[in-house]
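Two complexes come next, and they have one chain in common, chain A, joined by chain B in the first and chain C in the second.
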Partner chain A sequence: MAFTDEQLERYSRHIILKEVGVKGQKKLMAGKVLIIGAGGLGAPAAMYLAAAGVGTIGIADADVVDLSNLQRQVIHTTDDLGKPKVQSAAETMKAINPDVNVVTYEDFIAANNIADIIKDYDFVLDGTDNFPAKFLINDACVQAGIPFCHAGIIRFRGQLMTWVPGEGPCYRCVFKEPPPKDAVPTCKQAGVIGAMAGVIGCLQAMEAVKFLTGAGELLTGKLLTYDALTNTIRTVNIPEDPDCAVCSDHPTITELIDYEQAACDGLSKDDVAEAAAE
Partner chain B sequence: MATNENYTIADTVDITDVVCPVTFVKAKVAIEELELGEVLSVHLNDGEPLLNVPRSLKEEGHQILALNDNEDGTYDLIVKKNA
Partner chain C sequence: MTITVAGNKKEYEEGLTVAELIKVEDVENPLYVTVTINDDFIKSDTFETTVLQEGDAVEFLYFMGGGC
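Now for the complex of A and B:
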């Protein structure tokens, strides 16, 4: 596969890099990344991965664009209000880079569909904002052996980690079980700075780029945390749990689980759906 | 073209029709297609390309074997793939 002159120019800043080069750009163009959630985290990740020329980008979200999303979900614009998020996201990605093959899944990710959706991808980004979805994505990716990057944001804080088979702990090694319902506020209840979604979503895109090109080190065995108020970025080593319920050699979780969603007081069904797709 | 008999040119690339950074990008793409030890001839303009492209190729670990002046404002840079 030879580059066209237009591709040479579009990707010139990648190709110049010793760590990427022609081979790395070809790996990006052959790469398949699934982004679960076309919200705050998924928006910048999808835009940068499309711009980078990632060959196939899947995007999953059941929600439509709401006015309250636009403070941080920069892939959607005011003109997109009421539109399915996956459609709006796909339009923006195609506008940035028509070469990218975008696959949309206008659906809630659940125990009964996730395995079928993730199976075609090289790398998965968790851009959801609720614990049931995060544990589901972890368990499904571990069971299928598909590398993924977890992230979460709230208020002025964010975190992320990457899991690759055989290279360190999974999300469940570290966090075990979802917290009790309503013990932890969603970002709808607690608030979040829009730029935090940008920072952490971009770090997720960076993990995908490093994974696909093989450049540098991934955040495997490490949890990166960012506190914007104190300008603190920490990378904490996290150990594997030899008795992990899902990734150890004697797992006790062998079927996927749909944990109960936090029942937010006063939230409609649509509101809960939105929270699930952050 | 090359006057030195110590090397055999495996491929040539013309970067006189493009500007920075595509000059280096085209040279880099061409050299990445070669096997280690093979030699590329890069046809380039005087000025900015002459200043930057040889330097960038050296930074990537390649070896400049010769620079032949075509005396028409263009040069042929002879590079051995070392990385």
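Now for the complex of A and C:
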């Protein structure tokens, strides 16, 4: 596969990097990345991966673009209100880079469809907003042996970790099972700074780029945490749980589980109006 | 004794347990925090009985469910 002149120019800032070069750019162009959730995390990740020339980008989400999304979901614009998020995201990615093959899944992931959706991808990004989905993505990727990057954001904080088969702990090694409904707030309930989605979503895109090109070290066996209020970025070692219910050599969870969704209604408009009045 | 908590060295009373440290540090959502000491997981049902030692490095790992 030879580059066209246009591709050489488009990807020139990658190609001159010794860690990427022509070989690395070809790997990106042959790469297949699935982004689950076309929201705060998925938006910047999708845009940078499209710009990077990742060959196939899958994007899964069943929602439509809502006005309250636009404070952080930079892949969607005011003109996209009411449009399926995957369609809006696909249009932006194609506008950034027409070379990219975008595959849309206008569906919520669940135990009965996730294995089928992830199976054709090299790397999965978890950009979802609830624990049932995060555990489902972990379990499905571990069972299928597909590397993925988990992330979570809330208020002024965010964190991410990467799982690759045989190279460290999975999400369930660290967090055994989803917290009870509403025990731990979601960003819908607690709020999140839009730029936090940008920071952590871009770090997820970086994990995908490093995975595909082989450059540098992945966040395997490590949880990167960012606290914007204190300007603190830390990389915390996380061990493997030898008795992990999913990734150990004697798993007790062998079927995918649809946990009860946390109340995704979050705050009502009245709650927000009340907070604004204070 | 000196213990490193989330990367910061601090002085604590001898005999402090993980459960007590969680209170002293005012850990958010204490029922759902994951704890490591010196890069090993501490099971939550042993927080009350696990006594911290001089030089231990403790990390609190928090659920973060947002993303949309």
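What we mean here is this: the second predicted complex is superposed on the first by the 263 of 278 C-alpha atoms of A that agree within 3 Å, B and C clash if a C-alpha of one lies under 4 Å from a C-alpha of the other, contacts with A are read in each partner's own complex, and residues count from 1 in each chain.
As a working rule, a contact is a pair of C-beta atoms (placed from the backbone, for glycine too) under 8 Å apart; a residue touches a chain by one contact, two chains touch by 3 or more.
If you're wondering where the values come from, they're calculated on a predicted model, not measured in any experiment.
When the two structures are aligned on the shared chain, A:158 is found in touch with chain C, with no touch to chain B.
In the superposition on chain A, A:174 contacts chain C only, with no contact to chain B.
Greater residue coverage of chain A by touch, when chain B is weighed against chain C, goes to C.
Once the two complexes are laid over each other on the shared chain, residue contacts for A:129 go to chain C alone; chain B is not touched.
After overlaying the two complexes on the shared chain, residue contacts for A:40 are found with chain C alone; chain B is out of touch. Once the two complexes are overlaid on the shared chain, A:184 sits against chain C while remaining clear of chain B. In the superposition on chain A, contact of A:236 is made with chain C only, not with chain B.
Once the two complexes are overlaid on the shared chain, A:55 sits clear of chain B and of chain C alike.
By the document's definition of touching, of the two partners only chain C reaches A:223; chain B does not. In the superposed model, A:31 lies in contact with neither chain B nor chain C.
Across the complex, chain A is touched by residues 21-22, 24-26, 28-29, 32-33, 56, 59-60 of chain B. On the chain A side of its complex with chain C, the touching residues are 37, 39-42, 69, 73, 126-131, 134, 151-154, 157-159, 173-175, 179, 183-188, 190, 192, 197, 223, 234, 236-239, 241, 262.
Of all residues in chain C, those touching chain A in their complex are 6-7, 29, 31-32, 34, 36, 39-41, 59, 61-68.
The part of chain A that touches chain B in the complex is made up of residues 3, 8-9, 12-13, 15-16, 18, 21-23.
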